[in-house]
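Shared between the two complexes below is chain A, which pairs with chain B and chain C, respectively.
Right after this comes the complex of A and B.
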């Protein structure tokens, strides 16, 4: 039980929940407001993280300049996907986005010259030279820790991630109540009705997609800073579905449900680590890892059966008619 | 080289096509995007492995064993999970999330039972058939024969048998089918059986062709299978067959040198999705889908 009492471990769980909050906030805007089934959110996260890392390592740019460009690149990717794909029906759009996310991962794996290939960002300068994009961020973390009198870097990261995540959740909540948000909700409910009022449905949807993609790009930046190294394997499609799980755990349509769902998911994921009582104690560590994911799978199924709307969601959102 | 790639493409494509049938019918009937279908395929492959390697049965018997076990599992999943969810009028997102849960549970169960190491069936990997310029392994020849027979059988079943017609009718318009006095629950159960049988078949054939397979291999097949379903038009059973074959052949042929040098083999999966995106932009309803927006 030593890990349980370790502040470092819980800070890590908290940081991951914060990153997932940003990631899922994008999905909430896309699906909760606009009804878009984006199953490729992880691609925008990858684009954000890689753009920042490549600009810092290969172009020698300041991280403070490369970071906003990473977010911008993710938004641009959203625009490029959306322009053709948003003309499709909802379920087809979903498959195109997941296809896009796999294409991004394959390109990142195979274009060694651009991304460092399957070995990840450590390989960005080519074989034999360990590349680093993180020094400026670590200096900033150290400086901020000194100002606040906090020694643990993990706690500083926790504060930074959650300040950004909560600020953006609040902004997204405000955004949902603007006329823009109301039009999006209208499109979600009845596209033809909104269209007949003369609203450019396609443009509204594109804006929601781009905004959500930018949030995923931001999540990618924090992910990159947290681990100071990443590879294409970090952007498996499963990550997108973790995001969807959080969205539905928390509740569709309410911005504040996202951080709640992300925390719940984070602690659920972490808590299954502590299955060290019988019968789990008879299993070796590899098998215990499988049991963890199995239990998470069962919990998801149970949740869908018992409370399909999530913790804070409205039941009508998840039930037919 | 061209004919070799075409033959390879037909092998991969027929596996996609068989798996895509199940995905497409389940979507048509239940509005279920079955995220667990890849792991269902892996389950079939591993039961065949159990019969073939652990019990020493020939593949001719192991394959039906894998198919039957997968069908039984699919049937149980409907009774235990999908039917209760239908009764609760669960929406599209709930069903989708539940299928992610099933996928996780299935894959971890396979990992617990068989471990993560790669496995291979007890077949002769060095036996090769040469037809003209084309060299095919025993596994590829067996896959072509079994898959062609299966595709013809499935197509005939859907076209001619009453059950097959009813399935297509329900995929097309559920309310209308129900009004005509069709026993919906029975047809859904039969669809799960068909989906299970085809998933077990496709999984075992895919494992056979690959040579070695691990518990994650089903999930890697899932995305091309989804792509095949969409390419053919979601919910259209014939479309899924055609989409799977087209996708397999297009993917393999993309590496052909006669095609402006061809793409690098590492990019084959990208080609599959590229084909899908281009096809959708030209024909948004899929190859066989009806033109409708909603």
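Right after this comes the complex of A and C.
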């Protein structure tokens, strides 16, 4: 149980929760505001991370230029998916997003020349040379740590990720209360009614999708920086569903529910890591990983039964027709 | 008077069902025109064609001389046409006030760029829109519910809300699909008074689908009768009431 009392471990849990906050904030804009069922959010995360890594390693770009391009590429991917797919009905759109996320993962796995293939970013320069996209970020982290007088890199990362996550949560909350956000919430309720009131529904949905995709791209950047290495396996569909769990735990439609849900989810995920007592100790580690997901799933089902609106949601909104 | 809305030869089929079959009608500017007919006659489908929710298979639709049959719904609203639906379509998890404010035309705050670049203009317009929305809510006596979620309103109140929120865009022509259905007698009188008043004070033209013949007889200047996708006949309420074909197709018995 020594890990539990280690600051480093909890900083790591916090960083992951911050990254998931950014990731899920995108889903909150797409679903909580605009009613879009995006089950492929992880693809935009992958596009952001890969774009940055490829530009740094293969083109020799400065990370500070490559990073905004990663976000832009994720947004562009959102646009390219949305232009055809948002013309479909909601459930068909959802299927297209799942398919898109698997396509991105398969391309990343098989286009060795572009992405380093299944071995991941370490292989970006080809076999035998260990590629590295992270040195500029690490220098920045070191510099910032010095400025703040913090020695632990994990804590510096924690501060950076959460500063960005909280700032963007605040901005998204403000955006939701603008007339623009009002149109999106209207579309979530009844798109035909909103178009009968003179609003170009398609354009608003596209904007929501693109904004959410850009946030996933940003999450991808932090993910890449946190781990200094990633591979297509990091972008399993499961990640998207973690985002949805966070959304449901926190509450749909409220921006501040996202960091709350992400922290709770991160905590559940971390806490179930220490199932090393019976009966869990009779299982091997791979089985234990599944049991862990099972336990988290059950906990979430329990929470949803008690509070279907999530931690910060409004009950009344659940019962209106 | 001239025709504000001109529908000529419009057809719309769903698979084998010819929901609207070569229908033509025209609505005079400043009139209250009724569209009646038995269930399944194609009235709502024709409304959907006029308002851009369905693309007609054939035929032309002109609003104030401008062809609109290929425009998307939001563009048709901008051309001056507003509609309600057969079942009220309140945006349930928005407040009553937001339901009306959302319908305001040319709001700079609905464009992402302006939220940063033109914050002053956004704030001014929002204040204007809020004031106008309250005025309309007072008109339909829903101002006490302004901050309630629209989903808490009754069916009849939702119909009033639907009416209030399309008025904020100052339409020239309003299409009402069964405004009286599901509304209690007192509210019906109120709705009827609103329609007559809006025509008198603002010169708004109405095309109304309605099964409530009392409404049709009292309010409308002109009636079109549809059956099986076609326009069977037209005339003043008095003429239509005496038309044998109408009695056969629709009324069944004498009114």
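Remarks
Note that the second predicted complex is superposed on the first by the 302 of 321 C-alpha atoms of A that agree within 3 Å, B and C clash if a C-alpha of one lies under 4 Å from a C-alpha of the other, contacts with A are read in each partner's own complex, and residues count from 1 in each chain.
As a working rule, a residue touches a chain if its C-beta (ideal position, glycine included) is under 8 Å from a C-beta of that chain, and two chains touch if they have at least 3 such contacts.
Since the model is a prediction, treat every value here as computed from it, not as a measurement.
With chain A as the common reference for superposition, the partners chain B and chain C occupy compatible, non-clashing space. In the overlay built on the shared chain, the residue A:296 is in contact with chain B alone; chain C does not reach it. Shared-chain residue A:198: touches chain C; no touch with chain B.
In the superposed pair of complexes, A:36 makes contact with neither chain B nor chain C.
Ranking chain B and chain C by residues of chain A touched puts B first. In the overlay built on the shared chain, the residue A:255 is in contact with neither chain B nor chain C.
Applying the stated contact rule after C-alpha superposition, one finds that A:206 touches neither chain B nor chain C.
Of the two partner chains placed around the shared chain by superposition, chain C is the only one that A:175 touches, whereas chain B remains out of contact. Once chain A of one complex is fitted onto chain A of the other, the partner contacts of A:183 are limited to chain C, with no touch recorded for chain B. For the pair chain B and chain C, the model built by superposing on chain A gives 9 Å as the shortest CA-CA distance.
The interface of chain A with chain B overlaps its interface with chain C at residues 317, 320-321.
If you check the complex, the residues on chain C that touch chain A are 51, 53, 72-74, 77-78, 82-83, 85, 89-94, 98-99, 101-103, 105, 107, 109-112, 115, 122, 126, 129, 149, 151-152, 165-166, 169.
By the touch rule above, chain B contacts chain A in their complex via residues 27, 33, 35, 81, 84-85, 88-91, 93-94, 96-98, 100-105, 107-109, 111-112, 116, 223, 226-227, 230, 234, 264, 266-267, 269-270, 273-274, 276-277, 280-281, 284-286, 292-294. Only residues 84-85, 87-89, 91-92, 94-96, 98-100, 102-103, 106-107, 109-110, 237, 241, 244-245, 248, 252, 286-287, 290-291, 293-294, 296-301, 304-305, 308, 317-321 of chain A touch chain B when the two sit together in their complex. Those residues of chain A that touch chain C in the shared complex are 175, 178-180, 182-183, 185-186, 188-190, 192-201, 207, 253, 316-317, 320-321.
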